[in-house]
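Two complexes, one shared chain (subunit A), two partners (subunit B, subunit C).
Entry: the complex of A and B
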């Protein structure tokens, strides 16, 4: 089974996305912050990570930087409520496979997650 | 049948009352959605709202059990989304008109309607897509809300705890409730637009003021940059007074001081150029004419309502604390603070800038001169504030 990790500090988003992708036969993990996310990535080696940009303790961008520094090249899709070209450019340079803006179109999220996870 | 019979008419009335009392529609919708979940005993209710900035629809409110709830502001629906198309496009709207709602268990029946089978405009596909959408949104019924034929909101209703269906009476109630909500949103939108319009007008007014202030300078080349500097000094003095707490400024004081500063010499537009730009000392008659610029300025601005404080600043900026000034010979605290501050700022700028007949004084000399006249020509409070600014190196 493919593994997906959802990283977001909003519980409603974690729960909703979890049940949404579980129904599509994916093994879903969730993390409420950057530290927990890094642990799960090292332990579970998910196929794809949905990573929220704005989080309280460590930002999504910092999590991504730390991952790449540790030579972890897991596929990452950034999710953000703000359109900051600087963040978009930096995360692109760090090799994210997608960047989704909230509020998002559910079908677009589904499409990109399903296609990336099956590659 | 639901366990408790609800008096829908009464509920609707109390909701309508809420619409009048609560001006923030989002808060109101939150309350309504929450009370629907509790009273109708469903696992989830949500509201999709039209977002004019994004010209799309956003699932803005969701209430219910954990797991059934949908994160607020997370999902967007563009105009091509089947759910939106079904409620917006003419060829599909008739499908929901007889029940005021789209109920998932009806969709199967609809698919076998003669009109759906025979027409080739994709009704079947739309229905199939919507049918697949509704479980993702934890909804078994969707109630559209329109205002003047524009879709403004969709109320999502989840499964009832006891598994019973919605009765038509309930759907009618939800439809009426949703239209009330749409109306409240529309009103709030209008109110926001009005506020924005007022803000635009204000900006226009300030820009006009700046242009008008520039007109004085165009006539009197010696005062180049004078109005701008006076305004800057006056604001700095007022801020310092507020900082030390020596004076309790009324609301909008700073805005009025700003405008009054820019316009304090506007009356000079009515003074003959020969007097205004004369290099030699003015004769007594000429001086009397020059003095009229305060009253002329106040007259020019008098049609503006709500700007009494600005006008006072323009009119009285040559009054003297000891009562020897003009135009009215006001004394001490009779002189509005806005004018007393401009008087100090005006004098300070006049003393420190070069004129054709003399060089400007240094800042410390100008300030000690002004200090000598505190309590005589000037209100001591703004003089003290000016001195403090000088000491802090902020002049």
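Entry: the complex of A and C
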């Protein structure tokens, strides 16, 4: 079973996305912050991470940096509300597979996630 | 010989020769030329007296008296000619007559002995006098008529003239009384009357006073001149007279020390006494003038405290008209944007002259004021025209006449003509004196400081408001950043909730459901789909807002204006209904060169342009309901040397001529009151383009045709 980790500080987003992808037979984990996300990634080795850029304690970009530092090359898709060219460029350099803008309709997200997981 | 007669004659001769040479050298008009002839003639007359007075040789003396007679003939002749020119006499008959008569008189004097000399008298134990013959009497009779006519014409002229020439005429009249009175003092002895010609020296006074009157542009009040002279003579007659009288009384008594001491004492006191009395006399004579001059000085000291420019200008004209009692006063002030001078304030007291709203930069009076740094007196300008026949002066005179300016006082700030005050005539009919001009100059200096102050203060006020505005925008920008993140998250969550709900419905829709339930499911599906659509649209709105509130980029860098226009247009969509208008870009080059600029500021500018054009076009559309009216904003761009020139051209309502010049003034707005903006738009545009970017903004607008805004920006050097 493919593993998907959803990292977002919004409970609604975590819960509804989780229920959506679960129905598609994916093993969904959620994390409400960067710390928890790192733990899950090292423990569960998910196939794909949906990582929110802007979070309270550690930002998504920091999480990504720490992952790459620890030679953890899990597939990551960044999720952000702002098109900040600087962040886009940095995360690209850190090897993210996608950058999606909020708000996004679930069907769209499904397409992106499915195509990444099936690979 | 050293006698009074010859010494006086010598003084007269040299002083007048000096004056004559001076006038021949500096004088430019005919009046000056003829006046120099009078001075030459007086000089000849004086030198002849020196000759007669200093010789004991009868033949030389006879020759001297011939010169003397030629002198008096010429004096009367040229003097009449001066009067003829000065008073603008029409008839030349008498002039021709007097020339002819003098010519014969002189011929007979020089070449014959008919005039005098039948009888020789050794007068006053000093010099030979020759008794006048009948022919001499005859010519002297005609001579007297000429002199009398000169007096008469001058008198008539004084009665009918005004202003400067009137004062000149008065001077001439007084001088003439001295001159001919003194001169004729030499005559009685020629008829055997034993009167010593002490008065002859007065001819000197005549030459000097009259020359002063003819030559100076700004002459002293004649009452002052006379009182000053009288006081001088009286004081010195006493100061020098008393010691001499005492010395004379004590002569031979060995008490020479007393008169010497008295003389030393009085000579020291003399100037003090003189200046004291003179000051008192002046104060008395110029009482009225002194009073308003004091008021003006006080007023000018108080001006610095007024911070409101309009109030200040109004106060200046008000104080001037009221205290000096002039018909009107007006102040024009430099208009930075319009390249000319605009009406600042005016006050009428007893005239109804209309003042133009503005005076264009190339008006000759402005050039004159800028170059000369001194007030212009109307009378003086009239004189200058006569002297130089310069068209420039005529234009200035014309200008002053039109606005009824008797005096124009310039106000400079940093050597630049910042404003000028036009003043009408004094109600008393008196002319502006040198003293007045001095006071007005003080007033002008103080006014300059006060105006600069007020302008600075006003600019500060505007700057502060702009800063406040900018800070507000920055605050909103920062807030919007966090705000939009929050909103985005809400949309995002909403989208997921709706998406998940939709998914649940899709997954669980089965054929076993009753029709009723199926219908409900269908409705819910539609509803959630709508929620998702709205989420997407809302997200786009937030995206646009984020672009608008992006943090100001501080520096200047090469900027692609087209993309800035695009983002400004996107930004404008939040304020205006962009589907109501067309925005057409018509660039000459396929890719425009980048300009050196600050993208945030330029975006602000372009946003303002689009916003303004939109308002103008909507106003035209709503007010005039023209058929087929198609609101369009064309944007042209082409490079021109080192600049990129852009033209924003709309077909909106346009601006009425009378409002065009006010457009760049802060807080001015022509927009309908219902949608009145802050009025800062164009002011900000100009500041950003011209001050920050070293570019140029031009504005052309025609009412009901549209507005063209030209912007030139320096192309970035790559």
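Just so it is clear, the second predicted complex is superposed on the first by the 119 of 119 C-alpha atoms of A that agree within 3 Å, B and C clash if a C-alpha of one lies under 4 Å from a C-alpha of the other, contacts with A are read in each partner's own complex, and residues count from 1 in each chain.
What we mean here is this: contacts are C-beta pairs under 8 Å (C-beta built on N, C-alpha and C of every residue); 3 or more make two chains touch, one makes a residue touch a chain.
Because the structure is a prediction, the values reported are computed rather than measured.
After superposition onto subunit A, the modelled positions of subunit B and subunit C overlap sterically. Once chain A of one complex is fitted onto chain A of the other, the partner contacts of A:54 are limited to subunit C, with no touch recorded for subunit B. In the superposed model, A:20 makes contact with both subunit B and subunit C. Between subunit B and subunit C, more residues of subunit A are touched by C. Contact with both subunit B and subunit C is seen for A:12 once the two complexes are overlaid on the shared chain. Of the two partner chains, subunit C is the only one that A:83 touches; subunit B does not reach it. When the two structures are aligned on the shared chain, A:105 is found in touch with subunit B and with subunit C. Residues 10, 12-13, 16, 19-20, 81, 102-106 of subunit A are contacted both by subunit B in one complex and by subunit C in the other.
The residues of subunit B lying in touch with subunit A in their complex are 54, 58-59, 62, 66-67, 69-78, 81, 136.
Subunit C makes touch with subunit A in their complex at residues 484-485, 488-489, 491-497, 499-500, 502-504, 507, 532, 535-536, 538-539, 542-543, 546. The part of subunit A that touches subunit C in the complex is made up of residues 10, 12-13, 16-17, 19-20, 23, 54, 81-83, 101-107, 109. Residue ranges on subunit A touching subunit B, taken from their complex, read 10-13, 15-16, 19-20, 81, 102-106.
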